[in-house]
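Shared between the two complexes below is chain A, which pairs with chain B and chain C, respectively.
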Partner chain A sequence: MAEIYKLIHPVKYFNDYISRDIRPDGRKFHEQRNIKVNVNSLKTAEASAVVKCGNTTVVCGVQLELATPKAEEPELGFLVTNVELTPLCSSKYRPGPPSDNAQVQSYMLSDIFSNSKCIDLKDLCIVPDKLAWVVYCDIVCLDNDGSLVDACIIALMASLKTLSLPTVTYDPETEEIKVDPDVRTPLKVDGCPVATSFAVYKLTERNILLTDPSAYEEEMCGGLGAHFTVCLNKGLICGNHKFGGSHLLMENQEEVLKIAKERANLVVKVIDSCIKNEKSIDK
Partner chain B sequence: MPGPDLLSSQGLRLDGRRPNELRRIKCKLGVFTQPDGSAYLEQGNTKVLAAVYGPHQAAKSKSSTDGVVVNCQYSTATFSTGERKNRPRGDRKSQEMSMHLRQALTAAIKTELYPRSQIDIYVEVLQADGGAYCAGVNAATLALIDAGIPLRAYACACSASMAWRAGQPEPLLDVGHVEEAAGGVVLTVAALPNTGSIALLEMSHRLHMDYFDVVLSRAMQGCRDIEIILDRAVRDHLAEGWTKQDIVTI
Partner chain C sequence: MGAEEKDLRDFKLQPMKCELNFLSKSDGSAILSQGDTVALVSVNGPLDIKSTSQSIEKSTLEILFCSKGGKPSVADRYKENVIRQTCEKAVLGCLYPRTGITITIQELEDFGGFLSCALNCACLALLNSGVSLRHVFACVTCGVDEKGEVVLGGRGCDTQISCVFDSIDKTLITCFSEGTYSEGTYLEAVARCRAASELVFAFYRDVVSKYSNAI
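Moving on, here comes the complex of A and B:
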């Protein structure tokens, strides 16, 4: 019965829940979904992580390549992030070139990541002007059930925290490159940016914020990707996005920051304990 | 014409398997919520995901009154191989694989039941360690079953190769990446073992005619073995599903 009601009166159905201070999936307004992290599950990648936030599932694989640094920035290496929204993850995506939404998500992720300054690109340089690492971080979304950026950033940070770079020796005279994959140095990661998404729902006279929205809630609040995302790295804001959808009020800001801060602490704990578990199994 | 050394003097293969042994297959149905049917399958170190959407109304240009249009996309994640792939899909190899996938699965689906409709099957290879196509077919079959689409029989795919041991031919089942790279012959068969029919057959490198039958029968035996594994997975999944539903109704 409820399914039919949802189809015929989608807005009223959603309103009925919200006006009774509960969300359709049974969560409270500021309750988040469970986060599950698993690192190093793929053997072909240098580092990898699988992250599940509720039903949203993403896989991040990191691979390394060597390249010559850009002439304008001879001391910097490269870190390339890419998000792929395959048609596998939702019926909304069609096969073919990446959709506008996918490109925006991908751009937003790399923007947040470079703003957070958690990786110093100078660490990726081996010999200035001659040789540097290219770190390719490819994120594949397997199931998109809302708050995609949150999950992507967790996957990205979990895999980067486990990444270690092989030692490279470069002979300037013969230009010979030797890579020793057995001697590795872990990549320096400064802090850990954590994104938190909120959907803004306008219920007559009242603005309601839903933390960690699902795909259905995102759609009810103005379409996919119209949610408000805050990203914190060690208490500093490194990304703040709100594209379209319902309007956001000034008074919500404080509340949002408080929740984002709590979530950031929680996620850092989850990632750290996951990596610690993985290491203890390896031993 | 003895090929590269694929068997040890004890008759074991490079990864320690016996010649007629499959790699371990782990599979799970209904892993995701968004698609109508989904499945995850691990065959040794090859890890594959399949999702099925449909049957739904076909795009006008594709629509056919004879039966359902099966639309397949095979893509490999950029991090699935040791060296990074630049194009996860749309290159020749994946297009060829998408086509082969469609051919094998169309043979299994009762297409005549859904005229003017379309079924989308997406296969994503997360880690490739040889036999990714075979794993893709097996995963897609499970995903189709999870979606509740009527099939004639299980479509199973398996590969076989050829090695010599003390001058005697010895076919190898379920070829891994190392054996593939060693340059031996690889025969890929997609079959409906239940009906005994072969939906797709592809062979790389060359093989003497006299030995073809031996290799083919070994590959078919592999398909039959895989069918048993898939069937058990489906039954386990359904048994689980029924108990869950019972709890809800009570």
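Moving on, here comes the complex of A and C:
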């Protein structure tokens, strides 16, 4: 019966739940979905992670390559992030060149990542002006059930934290490059940016914030993706994107920052314990 | 307009200059300069669009962002998205179902804060085109200097926070930022931007009253 009601009166169905202080999937407004992280799941990649937040599933694989640094920035290496939204993850996406939404998500991710400054690109440089690492982080979404950026950032950070760079010796005279994959140094990661998404729903008089919205909730609140994403790294905000959805009031924002802080601590713990477990299994 | 320009300077906002109906063939257009940054926006519509992108509930907004170099990039898509989501909140799309409204933004000069200038210019062009709006919106950018203090305008600061407010309740519609900053800074920046948005709305009023005698 509920299913039919949902189809015939989609807005009223959603409203009925929200006005009774509960979400259609049974969560409270600020309850988040379970996070599951698995690192080093792909053996062909240098580092990898699979992350599930509720039903949202993303896989991140990291590949390394050597290249010459840009002439303008001879001391910097490269870190390239890319998000792929395949038709597999949602009926909204068609095969072919990346959709506008995929490009926006991809940009948001790389923007948050570069603003957080958690990786110093100078660490990726081997010989200034001659040789530097290019770290390709490819993130593929297998199932898009909302709050995509959150999951992508977790996957990216979990894989970068396990990444180690092979030793490279460069002979400046012969320009010969020797890579020793057995002697590796872990990549320095400073802090861990964590994004928290919210959907903003307008219920007659008040604004309701839904933490970690599912794709259905994002759609009901009217918008492509989540409306409001806050990213924190070591207590500092490193990304704040709000588009669409209902308008935000001042008190909403303080609430948002509090929730984002709690979640940041939680996610860092999840990633760290996952990496620790993985290491103990390896030994 | 002398007094207003002085107000802008007190708030350390860039001086704004605007001309409506800059283009003769579009339904509405505006050119806006905020300091040295200049944006040109043209609005066409409501027009007929291909049936796949029609919506039976509201009109579809199509945003085209042309950078100065003319080369499309992923960053442009992001800017388009920011402008689309902001305009979608403002345009009363339900009045024009099954139609499309095209907003074209041309970057002319970018000396920082271009997106903020483009948003304000898009709002003026929408006003000029006569499309029904729920409210107008104003975008104000704040910078954070080395000492961690919030400065309005904030050209050249590494950390910049931009906020878009609506004209009725002055609530936050859109927000985007660059760099890292603390919570307190963020809340202060939003409050400062909200105060400064009044001036932008006053500027809109001036511009429109110059061009139309009926209102």
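The rule we apply is simple: the second predicted complex is superposed on the first by the 282 of 283 C-alpha atoms of A that agree within 3 Å, B and C clash if a C-alpha of one lies under 4 Å from a C-alpha of the other, contacts with A are read in each partner's own complex, and residues count from 1 in each chain.
Convention: contacts are C-beta pairs under 8 Å (C-beta built on N, C-alpha and C of every residue); 3 or more make two chains touch, one makes a residue touch a chain.
Since this is a predicted model, take the numbers as computed values, not measurements.
Superimposing the complexes on chain A yields a three-chain arrangement in which chain B and chain C fit side by side.
When both complexes are overlaid on chain A, the residue A:43 reaches chain B alone and has no touch with chain C. Legend: residue contacts after superposition of the two complexes on their common chain; A:84 is shown touching chain B, with no touch to chain C. Of the two partner chains, neither chain B nor chain C is touched by A:67.
When the two structures are aligned on the shared chain, A:106 is found in touch with chain C, with no touch to chain B. In the superposition on chain A, A:266 makes contact with neither chain B nor chain C. After overlaying the two complexes on the shared chain, residue contacts for A:116 are found with chain C alone; chain B is out of touch. In the superposition on chain A, A:143 makes contact with chain B only, while chain C stays out of contact range. Between the Cα centres of chain B and chain C, as seen from that of chain A, there is an angle of 120°, stated in steps of 10. Of the two partner chains, chain C is the only one that A:240 touches; chain B does not reach it.
Of all C-alpha pairs spanning chain B and chain C in the superposed arrangement, the closest lie 11 Å apart. Those residues of chain C lying in contact with chain A across their complex are 74-75, 77-78, 80-82, 85-86, 88-89, 161, 166, 169, 171-183, 186-187, 190-191. Chain B contributes residues 32-35, 45, 47, 49, 51, 53, 71, 73, 75, 77-82, 84, 88-89, 120, 122, 124, 126-129 to its touches with chain A in the complex. The part of chain A that touches chain C in the complex is made up of residues 100-101, 103-104, 106-108, 111, 115-117, 223-224, 233, 235-244, 247-250, 253-254, 257. The residues of chain A lying in touch with chain B in their complex are 42-45, 48, 55, 57, 59, 61-63, 65, 82, 84, 86-91, 95, 136, 138, 140, 142-145, 215.
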